[in-house]
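Please find one structure pasted underneath; my questions will follow.
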Amino acid sequence: MARYVAGRLAGMVLILFLVCLFTFIIFFALQPDPAVMICGKTCTPERIDQIHSVLGLDEPFVGQFFGFLFGIFAGRDYGQGANLVHCAGPCLGYSFQTGQSVWDMVVERLPVSATVAIGAAVLWLLIGIVAGLLSAVKEGTWWDRTAMGLALGGSSIPNYVLALALQYVLVVQLQVLPFPQAVAFGDDPVVWFESYLMPWLVLATGYACLYARLTRANVIDTLAENFMRTARSKGLSPALTMRRHALRPALTPIATIFGMDFAALLGGALITETVFGLNGVGKMAADSIAKNDQPVIMAVTLLAAFFVVIGNLVVDLVYTRLDPRVRITAQ
Amino acid sequence: MTLLRAKDLTKRFVSRGPLRARAEFTAVDRVSFDVRLGETLALVGESGSGKSTTARMIAKLLDPSEGTLEFDGEDVTHAKGAALARFRADVQVVFQDPFSSLNPRHTVERILMAPLAYQGIAPNGSRRAHAKELMERVGLNPDHSLRYPAQFSGGQAQRIGIARALAVNPKLVICDEAVSALDVSVQAQVLELLRRLQRESGFSYLFIAHDLAVVRQIAQRVAVMSKGRIVELGDTGQVFGDPRHEYTRTLLAAIPRIDPEWDRRRREKQ
Amino acid sequence: MSDLLVVEDLTVTFPTTRGLVDVVKGVSFTVGRDETVGIVGESGSGKSMTSLAVMGLLPKGARTSGSVRLDGVELLGRPDRELRRLRGARMSMIFQDPLSSLNPYYTVGLQIEEMYRAHRGGSRRAARTVAIDALRQVGLPEPERRVDFYPHQFSGGQRQRIMIAMALVCSPALLFADEPTTALDVTVQAQILKLLAGLREESGMGMVFITHDLAVISSIATRVLVMRQGEQVEYGSAEQVFAEPRHDYTRMLLESIPRIDDALDDGVRA
C-alpha cells in the first residue's frame, strides 16, 4: 500500500511539472511583452530593458523556467543591487497588474472559493442523492417522472443564466437577499450566509440534477441485483435491506465522481464567482485572463491542476476502501 | 503439438485486515501441465483446490505469483499490448458463475457480439442473425436475443456464456463448470457441440468439472487437483480405470449412483 | 398432522415484449414434514421460479395464481410485511448462482449474522459464533478466519457452501435448495447431502431439492416432480419415477444420463 501511494505521488509530481512546463511554454511563445504592459504610457526602451532584467525576462527559456520552479519551493530574488526584491518561498512571482505577491493573493482568495465549493457540495449531495433515491424507489410514478424531468432540464441550464436570473429575481425584484458582499463569517454570520446563498444555489443546481440522475440509475441497477433478492429472502426489514444492501453498492461510484467534481471546484468557480463579485480564485482567474496577467494565470492553472491531481489520488484511495474487491487486489 | 504449457504456476493470496496480521495462502502450488492442440484436458478435484484460480491464471485474468505460461510457442507470462490482445483473441473463458460474468445492462445480442466487436471482426451476416445462430447452437430460443441476462434461468445464462466463448473461433476454450447447471439432455447437446467444434476447427479445451461422468466422456486426459497441487495427471482411461493417487480413488468412490435395482427395473420394462 | 407445504395449480406469468408468458403452468405438489421433494427437468422449465413464487421473491412484474399453503396458511397474495417474518425463519432458500447472490461489499460473516439476528436477536458476538459454527458445519476450512472474508475470496464451491450455511442458520421448517451442490466435488457433495438428511431426521425439516443430477435426487428425494417447459410432466414417489417412469420425457432424461461405464467400477475395486 505504501509503495502504491509513493508511486502515485511521484506520478502526481510529474504531472504538475508537465503542467508547469506547458503553461510556461505557452506564455513564452505568446506576446505581447509583459514589460510593455507594466511600463505603461510613459515608456522608454531603457525602462523596458530594466523591467526585463528585474523580472528575469532577458534570460533564456530554461533559465526562466527553472527560476520559476525554484521560486515555488525556495523563494527567489528579483533584480540586483538596490533594486533587489526578495520573494520568500513559496514564491509565485508578482502580479503584473497590481504588483501584489501572487502567493498572497492565492492565500487570501482560496478560503472564499473553498466556502463556495463546500457549501454547494453539501447542498447538491443532499438534494441530488435524496431525490435520486426517492425516484429509484418510486420508479415509474409521477414523482419519479417529475423529478427526472426537472433534473434533465436543470442540468442543461448554463450557470451564468441561472446566476443572473436568480440575482434578478431574489435581489432586484423580490429584494429578499442583499447584493452579495465580502463579509467574514465572524463579522456578521447572517450577511455572510446571505451573500453565499446564491452562489451555492447556482453551483448546486447543475450538480444536484446530475447526481439525482446518477443516484437513481445506480440504485435501480442495484435493486435488480441477485443479492437484493437474497437480502429479502432472509426476512430483513425493508429499511435494513435498503440501507445496508442497496445504498453502499449504489453510492460507491458516486463517491468517486464527487471527489473529482469537488476538487475541480476548489480550483475556482469562474463564472459564478465573477457574476456574484466574490473575490475567489475563480474571479482572480477570470480577471487575470482578461488582463493577460501572466504570473497570476500561471498560479491559477497550477492550483487547479494541483487540486485535480490530489482529488484523483484521494478518490482512488477512498475507492479501495469502499469496494472490498478492489481493496484486496490493490496490494 | 503443444498449444499451451504451464510451468510451476503458483498463486499466493495475501489477506490483511485492519486488525489481523498479514496472512499468506497458497491457492495454487507449482502446477505444471500442457494442453495439446485439439485436445481436451480436464481439471477435476476438491472444491477450493485451486482449479478456478489456475484457470484464471491461464486466461491471464490473474497474474501468477510464480511460474511461466507459454502459448503457441510464445512466452506470454508477461504479455502486454498487442501480444496480449492476440492471446485474448485465441483464448476464451466460460466462467463458473454465469450471472456475474454477463453484463446485466446489455442484451444477449450485445453480449454475444462483444468479443467480435472487441477484435474488430465483422460477423458473417447481420449482427442479429449471427447472434441468433449462436443462440440456436447452444439450444437457446433465438427469439430471446433482445432479452437481458436477468430474464434467463441459471442454465440458460450459462449457455449464453458458452455461446459468447464460441463466437470468435478461439484456439483454446477454458470451461469452468460450464455445463454444471444444464439438464442431462441439454448437457449432452452442448457437449456434442463442443466435440464437433473440436473435430472441425481443432479447438482445445481446458475443462473444469465436478461431474466425473461428463469428464470421462469428453476428456482425453485428466488432471486431479487437491490442496493446490496436481496429484495425478494421465490419460482418462488410466485415471478412471487405474487411479494411482489415494485422493482420486476417494473421489471415484464417492460418485452418487441411481439405485441399480431401479435402473434394472426401468430397463426391463422397455 | 397436516402437510408442511401444499402447492396447488401454481402458475407464474411474466409480461414480456411479446405479451404474457407463463413460465410455470399449473404445478401442484406437497411437501410433508421430514420429506424431500426433488424437482428435476429441463433447463429453463420453471424450477427456480416455482420456488421463488412460494418464497414470494419473484422479480417485479411477475404474477401468480393458484394456491400455496404453508402450515395451512395461504401465502399467495399475502402482504410482504407478513411474508417477511416467515422468510428466513420458517422457510429459506439456497440460491442457484452463489456469487451474484452474495453482496460483494460485506464479509460473509456479516451476511450470515444479519439473518440470524433479524429473527433471533442477540448480540453481534453471539451471532458471530453461530455464523462460525454454521460455516464449520458445511465443511469450510478455517471458519474462524474465513468468516471475515468477502465473497470474492472464496472458490465457487465454497461460496455455494456459504449459501447453504446461511439458509440453515435459523433452522427453517422448509428449505428450498436450488442446485445446491453443482459446484461441489463428489466427496464434499456427499458430506452436504448427509448434513441435509441429518437435519431432516433430527428437526423434521421439509425440503424442496432442485438439481440436474438424477443420481443425487434418487438418493435424497422421497418424491420427485419432473418439469418441462413450465409444465409438470410427472409427479410420484422416487421409486416410481426412476423405476417405472410414465412420461416419455422422464424416460428420455434417464436415458441421457452420462454413464461412467463398468471399467470404472473395476478401477475402484482394484
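To keep things simple, chains are lettered A, B and C as they appear, and every chain counts its residues starting from 1.
Just so we're on the same page, a residue touches a chain if its C-beta (ideal position, glycine included) is under 8 Å from a C-beta of that chain, and two chains touch if they have at least 3 such contacts.
For clarity, every value in this text was computed on a predicted model and none was experimentally measured.
Taken as a contact graph, with one node per protein chain and an edge wherever two chains touch, the assembly is complete, since every chain touches every other chain. Remark: the per-chain Cα centre closest to the mean position of all protein Cα atoms belongs to B.
Ranked by C-beta contact pairs, the top pair of chains is B-C. Note: centroid distance chain A to chain B, computed from Cα atoms, is 49 Å.
For the pair chain B and chain C, the distance between mean C-alpha positions equals 25 Å.
Chain A and chain C have CA centres that are 53 Å apart.
Residue numbers of chain A whose C-beta contacts span two or more other chains: 224-226, 328.
Listed for chain C are residues 59, 97, 100, 153, each touching two or more other chains.
Residue numbers of chain B whose C-beta contacts span two or more other chains: 15, 99, 150. Within the complex formed with chain A, the residues of chain B that make contact are 14-16, 99, 104-105, 150. Residues 52, 55, 57, 59, 80, 84-89, 92-93, 95, 97, 100-106, 111, 114-115, 118-119, 150, 152-153, 166 of chain C touch chain A in their complex. If you check the complex, the residues on chain A that touch chain B are 221, 224-226, 328, 331. Residues 13, 15, 17, 20, 23, 44-53, 96-100, 143, 146-147, 150-157, 159, 176-177, 180-188, 210-214, 216-217, 237, 240-243, 249-259, 261-263, 265-266, 269-270 of chain B are the ones touching chain C in the complex.
Interface residues of chain C, counted against chain B in their complex, comprise 14, 16-18, 40-45, 47-49, 59, 96-100, 141, 145, 148-149, 153-161, 178-179, 182-190, 193, 212-216, 218-219, 239, 242-245, 251-254, 256-260, 263-264, 266-268, 270.
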